[in-house]
Amino acid sequence: MFQYTIRRLFLFIPVIAGVLLIVFVTVRLVPGDPAAILVGPEGTPEDRARITRVLGLDRPLPLQFGIYVWRALQGDFGRSIFLGSDVMKLVLTALPATLELAFLALMMTILIAVPLGIVAARNPNTLLDYGSTILALLGVSMPLFWFGVLAILLFSLQLGWLPSFGRGPGILPAFGTLFSSGSLAGVWLSLKHALLPALTLAFGSIALVARLVRSAMLEVLNLDYVRTARAKGLSERRVVNKHALRNALLPVVTIVGLQFGTLLGGAVITETIFAWPGLGRLVVNAISQRDFPVIQGSVIFIATMISIVNLLVDLSYAFINPKIRYA
Amino acid sequence: MRYLSLFLTLLLVLFGAVMAQDKVLNAGLDVDAGTMDPRLARDTSAARIQELVYNGLVSLDPELVPQPELAESWNFTSPTTLVVQLRPGVVFHNGQPFTAEDVVYTFTTLLEEDFGAPRRSLYTPITNVEALDELTVQFNLSQPYAPLLQYLDIGIVPNEAAAALGADFGDNPVGTGPFRLVNWEKGNRIELEAFDEYFKGRPNIDKINISVIPDNNVRLIALESGDLDLIHSPVPPQDLERLVQEDKFAVSQTTALGYTYLNLNLADPILSDVRVRKALAYLSDRNALSEVIFFGMDQPGKSFLLPNTFYYSDEVTEYSYDPERGKALLTEAGWVDNDGDGIREKDGQPLQLELTTNIDPNRQQVLEFLQGEWLDAGIDASVRVYEWPSYIGDVIAGDYQVGLIGWLLLTDPDRATFLQFHTEGGNNYGSYANNTVNELLEQGRAETDPNKRKEIYTEVAQIITDEVPYIFLLYQGYVVIHDKNLEGFVVHPAGSWKSLETATLN
Amino acid sequence: MRRSSILQRLARHAGAIVGGIIILLVVVAALFAPLLAPYQPEERNIRNRFQPPSSENLLGTDNFGRDTLSRILYGAQVSLTVASLAVGLAATIGIFLGSLAGYLGGIADMIIMRLVDVFLAFPPILLALTLVAALGPSAFSVTVALGLVYWTAYARVIRSSILALKSEDFVEANRALGAAWPRTLFRHVLPNAFGPIIVVASVGMGSGVTAEAALSFLGLGVQPPTPSWGSILNTGLQFLRQTPYLSTFPGAAIMLTVLGFNLLGDGLRDVLDPRGTS
C-alpha cells in the first residue's frame, strides 16, 4: 500500500509535465497575439513588436518553455500579461471561492442524490423508481447557463429572495467574523449567495451519484444478511438505514470523491453566469485574452488538484476493498 | 469648561459617526480593469476607474474641450513648445504633494520603449518633458501636434511611489483623484473610498463598490433587483425601451465617441474596384440596422466626423439605402448573373464575399442582417464570427475581405483618421492609399486653429466617402442606467464616470 | 449475453423505452427536417419578428422574423451531427489507443495510460474551449474538440476488456495462430466490449449536445446563421426579457434529447450489466 502510494506519487510528475506541455503548446497554437490584444486595434506595428519583446514572446518556443519551467520550479509562475499581478497570487485568491463552491455543490449532490437513489432502490421498477431517475437526470440534461439565468430571474428579480450575483463575504471568512463579533449575518448572506451556483454545479453530478446509490443499494438489499434482518422481522426502515445503507455507501463515497475533482474543474460556466470569483472564470478570461502565464498557471493548478483527488480516491478504494491488489 | 466642551464635541462626533450611514454606490461592469496604472491602461474599464483615482493635467468636458484639472493654465510658446502651469496645494492619496516632477516622471516613463505603454504612439511626438520649476512643466515636441492637449487627460502618477513599487504599482494605485482604492479582487470587485483631502473637496459618495458581472442579462437583473445602482454600456439595446418606462431608473443615452464600420480590404481583387465598394455602401441599410438591431441606441452612420462634436459637418454626402443603384453598380463593374443561380459572376468567378467580426451578439446580428441584403443583390455573402484575439490578428495581417470593427474613444478627428487612412498609418489594415488624403492628414495634425482643422477633416471625410475604404454603418450609442437615488451624474460621450466626484446619493 | 436477449430485456426496461422513443422522434425530426419544417431556417421577415407562437409560426419567430420551429428542426440536424461525429471520433481514438495499450502492454500501456491521466486531469470544457479557439469556431472544430476531449472513457473500457480477454483461452489460441492485432481487435475484442462502448457512446451523445450548447454560450459553438440548438438557445437568451419563448423552446429541445440519451444509456447499462457493478 505504502509502496503503491509512493509509486503513484512519482507518476504525478509525467502527468503534470504532460499537462504543462499540452497547455504551453496549444495556447501558442491558438491564433491571436497577446501583444496585439494588449495594444488594441489602435496599436501600431511598432507598438506590437515592442510589447512582444517586452513580454519575451519573441524568443524561440523551446527557450520560452525552458525559462518557464525553470522559473516555475522555483515557484515563480510569472506575471499576468493583462492584470499585471503575480500569477500565483491570482490563483490563490480565486482558489477559496472555487473550493467553497465545489464543496457546497458536493454537499448538495449528496443531499439530493442519496435520497433519490434510496427511494429508487426501495421501489425498483415502479413509478417512484422512474420518477426519481428522471428527476436526477433532468439536472444533467439541462443547459446550465440557461437554467442559471432563469433561476436568477426568478429568485432574485421576481421573488427577491437571493442576491443576483457574486460571492458575498465568503463562507469561511464569514465564520471568522461570526467568532469575532458573533454576527451570523455574514454566514447567512454567503449561503444565500452560494445557493444557486452550488445547485447549478451540483446538477451535473446528481444523476451519476443517485444511480450509483440505487444500484449499490439494490445489490446490498439482496444480500444474505439483509434478508436475514428482514426475516427477523425488523422494520424495512430499520433494515435500510441500519444494515443496507452503511454497506452500500462505501463504494459511493469513492465516486463522490471523484466527483469533487470534476466539480473543481467544471465550474467554468457556473462561475461565469453567477459572477463567482473563482478559478474557472479566471481561466476563461485568460483564454479569451491569450494571457499565457495565467492560463498555464491556473490549468497546472487545477490539473494537480484533480490528480490528487483522483489519487486519494484510488487509495481509499484500495483501503475499503482490500481485495484489490496493485501489481 | 474647556474639558466639557471637548467632551461634548467628542460625543457629538462619536454619535455622528454612528448615525451617518456610509453612502455606498454599487456599480456594475462587464470586464475588470486590466490595471490601475493609467500609463498602462488600455481597456475602457481601466479608463473609467483611473478617472476616479487619478487626475489628468486636463479633463475633457462632455463637448470634449480640455478643461483645467491638475493644470491651471497652458500656453504654446512656440508650435512645438507647450508650457503648463500646475495647480498648487494638491496632494496624492499617500499624502505626498503633487509637483512638476510627477508630471515629468509620468510622461518620461510612458515614452520609454520598454515600459510597455499600449498607447505610447499617441505621445511619440513629445521629445521630452522638463520641469521649469516646482509647478511649471514644458513639453518639447518634435513637430507641431494639435491633438496633444486632448491626450493630456491621462492620470498623473506620483514619482516616488510609482518608482518604488515598479510593476506592482498597477495593483496599488496612488493618485490625486476623488476616490482611492481600498480593495481590489482581480476580475471580480473593486472598492473605492472618498479621498478626504481631494483638492476639489471630498465627494458626497463615501464608497463605490464596482462588481464585475460578465453576463449582460445578469448585470441587468442585478440592477433591477436593487443589487446595483449603476450600469453602463454594453447594455442589451432591446431592454432599453422597458427600462426607460420604469420610474425607479434614470436612463441616459448619448452618442459615444465611436463608430462601427465595415473595413473593406482594398488589396482584395473584388474590393479593389470602387464601383463594387460603392455598391456595397448602397446595399447596406443603415437606418434598418439602427432600428432593427439597436432599437435606436446606435444611430445610422455617415462618416468619421462624429455627431455632437465640433468637427461634425453636414456637408459630407452619404449613401442612402438604394438596392437598385447598388445592383446597377455591380452590373456596371461587370458582375452579372449569367447562369441564373442568383449569384453574380465575372470571368467565371462568382461574387463571393466573406463578412467577419468578433464574438459580440449585436455585431453578429449586423453581419447576419447585411448577409441577407447582399444575398438578395446577388452577392454570395458568408458570415464568420470568431474570437477577438484571432480576429484582430487576421485584420492586422490583412487576411480578411469585409471586416466589421469599431473605433472607440475618438476624442479628436486625428485619432479617427491618421493611423487609419494615411498610407504610413499603423492601422491602415485595408491598404488605403491617397496622396491628397496623406497631405491633408499631416496638415490637420499640425494645424492648431480648430476652424481650419474642421475644414481639413471635412475635406478628408468627403474623399473617404467617395472612395469608400470604410462603410460607416453606425455611430455608437452610450447608455448609462442608474437608480434615481443618484443625482448629479452627467453622462459623458467618452463613458466617463468623473461626475461621481460631485454627484450625490440619497 | 446474446444480442437477442439484450434486445428483449431492453424492450422491457421502461427507462430505455422512453429514452429510445425520444431519440427516435428527434432523429426522425432531424432526418425529415426539410419535409417537416414549414419554412426555410434562414428565411427572414423583419416585419414579422418576435412573434409569439401562432398558427402560422407554431413556436413563434426570432429577432430576424425566422420561424423558430423550422430552425429547431434544422438545428436537430446540426446538433445531432456534431454530437454523433464527436462520439465517433472519440470512440475511434479511444478504441485505437485503448486496444494498443491492452494488447501491447508494457511500456506502450504505461505511456498511453499516462496520456489518459493527463486528459483526465483537464477540466473537459476548458480543453474543448482552447481547442475550438485554436481551430476557429465552427461545427467542424466543435466536433473535433469534443472528440479529442472525450476519448479517454473508450480507451479505458477497451483496455480493461482486452485485459480480461487476455486471460481467456481463445485469444491465447488466436495469438498462437499468429492472428494480427487488427484481426483480434475486430473479431474478438470489439464484439465483447460492444455493450459498455454503446453505453459510453449513448451518454456521450447527451454530453455532446450539452457541450455544444455550453460552447455556444461562451461564443465558441457552431456559428450563426447555421442553426444549432446551442446557437438558437444562446440567441434566444439575449431576448429573454422580451420574448422568453425564444429560449424556452430550444432549451426544452436540448433538455429532452439529452434526457433521452441518458435514459437510453442507463437502460442499456442495466440490461447489459444487471447488477450495476460496471
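For clarity, chains are labelled A, B and C in written order, and residue numbers in each chain start from 1.
Going forward, a contact is a pair of C-beta atoms (placed from the backbone, for glycine too) under 8 Å apart; a residue touches a chain by one contact, two chains touch by 3 or more.
For clarity, every value in this text was computed on a predicted model and none was experimentally measured.
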item	value
Chain at the geometric heart of the assembly (C-alpha centres)	A
Pair joined by the larger number of C-beta contacts - B-C, A-C	A-C
Greatest separation from chain B - chain, by CA centre	C
Centroid distance [mean C-alpha coordinates] between chain B and chain A, Å	38
Whole-Å gap separating chain B and chain C, where each centre is the average of the chain's CA atoms	44
Whole-Å separation of chain centres (CA-atom averages), chain A against chain C	22
Touching two or more other chains - residue numbers and ranges from chain B	217, 387, 390
Sites on chain A at which at least two other chains make contact	30-32, 149, 153, 272
Numbers and ranges of chain C residues touching at least 2 other chains	133, 136, 237, 240
Chain B to chain C touching residues, read off their complex	216-217, 220, 236, 238-239, 242, 288, 292-293, 359, 361, 364-365, 368-369, 371-372, 383-387, 390
Chain C residues touching chain A - in the complex, by the definition given at the top	14-15, 18, 114-115, 117-118, 120-126, 129-131, 133-134, 136, 206, 210, 213-214, 217-218, 230, 233, 237, 240, 247, 251, 254-256, 258-259, 262-263, 266, 275-277
Chain A residues touching chain B - in the complex, by the definition given at the top	30-34, 36-48, 50-51, 54-55, 79, 82-85, 90, 93-94, 149, 152-153, 156-157, 160, 163-167, 272-275, 277, 281-282, 285, 288-290
Touching residues on chain B, where the partner in the complex is chain A	31-32, 34-35, 37, 40, 42-43, 113-114, 116, 118-121, 167-168, 170-171, 185-189, 211-215, 217-219, 221-222, 224-225, 227, 387-390, 392-396, 405, 407, 415, 419, 426-427
Of all residues in chain A, those that touch chain C in their complex	11, 14-16, 18-19, 22-23, 26-27, 29-32, 125, 130, 133-134, 137-138, 140-146, 149, 153, 207, 211-212, 214-216, 218-219, 262, 264-266, 268-269, 272, 280, 283-284, 287, 295, 299, 302-304, 306-307, 310
